[in-house]
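Common to both upcoming complexes is chain A, partnered first by chain B, then by chain C.
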Partner chain A sequence: MLILLLEHLSHYTGLGENKVAATYEPIATTTLGSAASSITFSSIASTWTDLRLVLVGTNVSSGYMWILRLNSDSSSNYSNTRLYGTGASAGSGRSTSVTSAWIGDSNLNNSTTIPNLSTIDIFSYAGSTYKTLLSTSSTDLNGSGNVIGFVNLWRSTSAITTITLLNDGASNFAAGTTATLYGLKSA
Partner chain B sequence: MAVTKLTMSGFTAGSYTKYDDFLAGNSAYIPSSFESIATATGTGSSGTITFSGIPSTYKHLQIRGTILLSSAGSITFTWNGLSSNYAQHSLRGSGTAASASGSTARSSLDINLGGAGESTNPYVSILDFHDYADTSKTKVVRQFLGYDKNATGGEVALMSGMNTNTSAISSITFSSNANFTTGTSFALYGIRGE
Partner chain C sequence: MATYTLISSNVLSGSAASVTFSSIPSTYTDLVLKASARTDRADYEDYCYVRFNGDSSALYSLTDLKGQAGSASSTRFSSVTGDFFFYATASTATSNTFGSEEIYIPSYTVSQSKPFSLFTVSENNSSTNSTIDVNAGLYRSNTAISSITIQSYNSANFVSGSSFALYGISKN
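The block that comes next holds the complex of A and B.
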């Protein structure tokens, strides 16, 4: 057994300054203290490979769908294909040349009391090709609801530096709505 | 038992901070449960991308893929070089209808269930291999995938696939009858369990 006695130890950096960068890392979280029309993540560094966004919350008014815009682009550069189950039937739809990516309940079941959950995966967000997003929306209102899978396309080759979450109409996110942005870094 | 004492001899003059632990005021390093193992990108001249030598030290694997091809083509995957005994089932949305399909006795599993991969609008896929190293279990994979080409088509789907072989997965190969462009990347992650 070796006993090492240290006196007057110089500043020891230890592992803290040499730790491996996290692979799945929270970048930012916003929890609304009061209702707001949008939630924005800006100045997103190009450090990671993919982004993942988790949005949980309610709306001030029901009957609106959550959407997102990238780099503040509100032109008709988005499109989506979706697969949904309503509890009574399954269906699919497509929207072309629209002004946002669809991430919420496209059957407009957003509630003012029961949270909706949306997860959005943005692949190769800092690359120079068009951007494809995979997302899910889950709404269950105990008697109605929808589960939806979306694939969204943003026809831009720009790196994504800003993500803005919105409703598609005149509704605000309610207080308590939380959005968390994660970065995933590959080797 | 050897005892070593470090004294001031050899230290330069100055003030030093004494810490009571080896962290020395730094945060503890906590290894991640979600680790990047490897990334493979397309070259533009090959329709094959392989992860090999996958360690068995994780509990689950996840692959996240962004896929572009040099021309319209198929995108499939296999593991451990197996070319038979795959089965897959899927729930698909084409933009006009929801549908389900299944097939057995396959030589590979599909990524592009619907339209062909191409050079402009990326196919994306998240593949989850649970208990990939457990040799007592048939290997099952879950996939969430999609592509959208605006007015010319798109598909979003959930897919499950399996192979009856119970060997631990040590290699995974993606294949196309076109070439994977340099805009293609597959990232392999390992997820640790308790």
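The block that comes next holds the complex of A and C.
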């Protein structure tokens, strides 16, 4: 673990004699001033190695899952395997040839005071192989909620230049929902 | 501009009953706490409280997902006095093994309830006492987080070599 700590120490500046090149750079951030059906990050440069997306917020209506699409692709080019805990049971599921990557929980409520958290890591997003996404969804409402780990695959060899966050259904993201995109460099 | 800035770190040179990060500046967007921990509890593992602002009132809740001894389970804890799924190895575990933890706290200064995620592993080559755990947490306080305290739920001490680091992430 100390080795992991040292690796993370390399991800920032300000270490005096041990200064290393900076990484983990904020690319863009959006905080909704009013409800919106989607949040889009476009014209993503190929400068970094990996991307991290952090989404914190609520839905206007409950019962809809957070999803994302890459390069506006809504074809059946996505699949996922997930591990979830409901507070009562643990389970796993798989979905193949679906039209989006799954990143959130269908139990999202519409409280404006209890936000939900999703973190999404996209590896080698500018490469010419299929793209793997690793995400965690954390939703606790003091009496209900879920925690879910997803691995998603986007079966495209195109570099990712656009990420669109959506709800799987008719709900909008509520005002105050914030999405931030970071770029990580391997060297 | 790069982010993921080290705010403070603590590598123990002796035992300690708790570790606290205090006077956390409000200038970042999110916080990440990473740790490598072992306690002197007479067992394979120890689970530790994570508390914010010294708050031990029942403002925390957890949805937990755990893998241990070949099985998976999920449990819910409502209105509890801290997140106690920060797993450390303990004195009976294989020597020189430490639990690894990461806590991600987004929007730690906003005036609303604060969700957070905790991922912890305790692997010590034991067939029954190694754990992987991820939980969704909620701290139902509108107060900005200015301190984080980690301590053993079982009143044990962290041992020398345990390390803790707090990072700030800025979205701008």
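Observations on the model:
Just so we're on the same page, the second predicted complex is superposed on the first by the 158 of 187 C-alpha atoms of A that agree within 3 Å, B and C clash if a C-alpha of one lies under 4 Å from a C-alpha of the other, contacts with A are read in each partner's own complex, and residues count from 1 in each chain.
Note that contacts are C-beta pairs under 8 Å (C-beta built on N, C-alpha and C of every residue); 3 or more make two chains touch, one makes a residue touch a chain.
A quick note: this is a predicted structure, and the numbers were derived from the prediction, not measured.
Legend: residue contacts after superposition of the two complexes on their common chain; A:50 is shown touching chain B, with no touch to chain C. Once chain A of one complex is fitted onto chain A of the other, the partner contacts of A:123 are limited to chain B, with no touch recorded for chain C. In the superposed pair of complexes, A:96 makes contact with chain B only, with no contact to chain C. Contact with both chain B and chain C is seen for A:84 once the two complexes are overlaid on the shared chain.
By the document's definition of touching, of the two partners only chain B reaches A:153; chain C does not.
Under the contact criterion defined above, the residues of chain A that touch both chain B in one complex and chain C in the other are 1-2, 4-5, 8-9, 11-15, 22-24, 83-84, 90-91, 136, 149.
Those residues of chain A that touch chain C in the shared complex are 1-2, 4-5, 8-9, 11-15, 22-26, 29, 54, 56, 83-91, 112-117, 119, 136-147, 149, 178, 180, 182.
Contact residues on chain B toward chain A in their complex (touch as defined above): 1-8, 11, 16-19, 22-29, 31-32, 34-39, 64-66, 68, 91-98, 120-124, 126, 144-151, 154-158, 183, 185, 187-189.
Put simply, chain C touches chain A in their complex at residues 1-6, 9, 11, 29-30, 34-36, 61-66, 72-76, 78-79, 98-100, 104, 106-107, 112-113, 115-117, 119, 134-138, 140, 163, 165, 167, 169-172.
Here chain A touches chain B in the complex through residues 1-17, 19-20, 22-24, 49-50, 79-84, 90-94, 96-97, 121, 123-124, 127-134, 136, 149-153, 155, 184-187, going by the rule given at the top.
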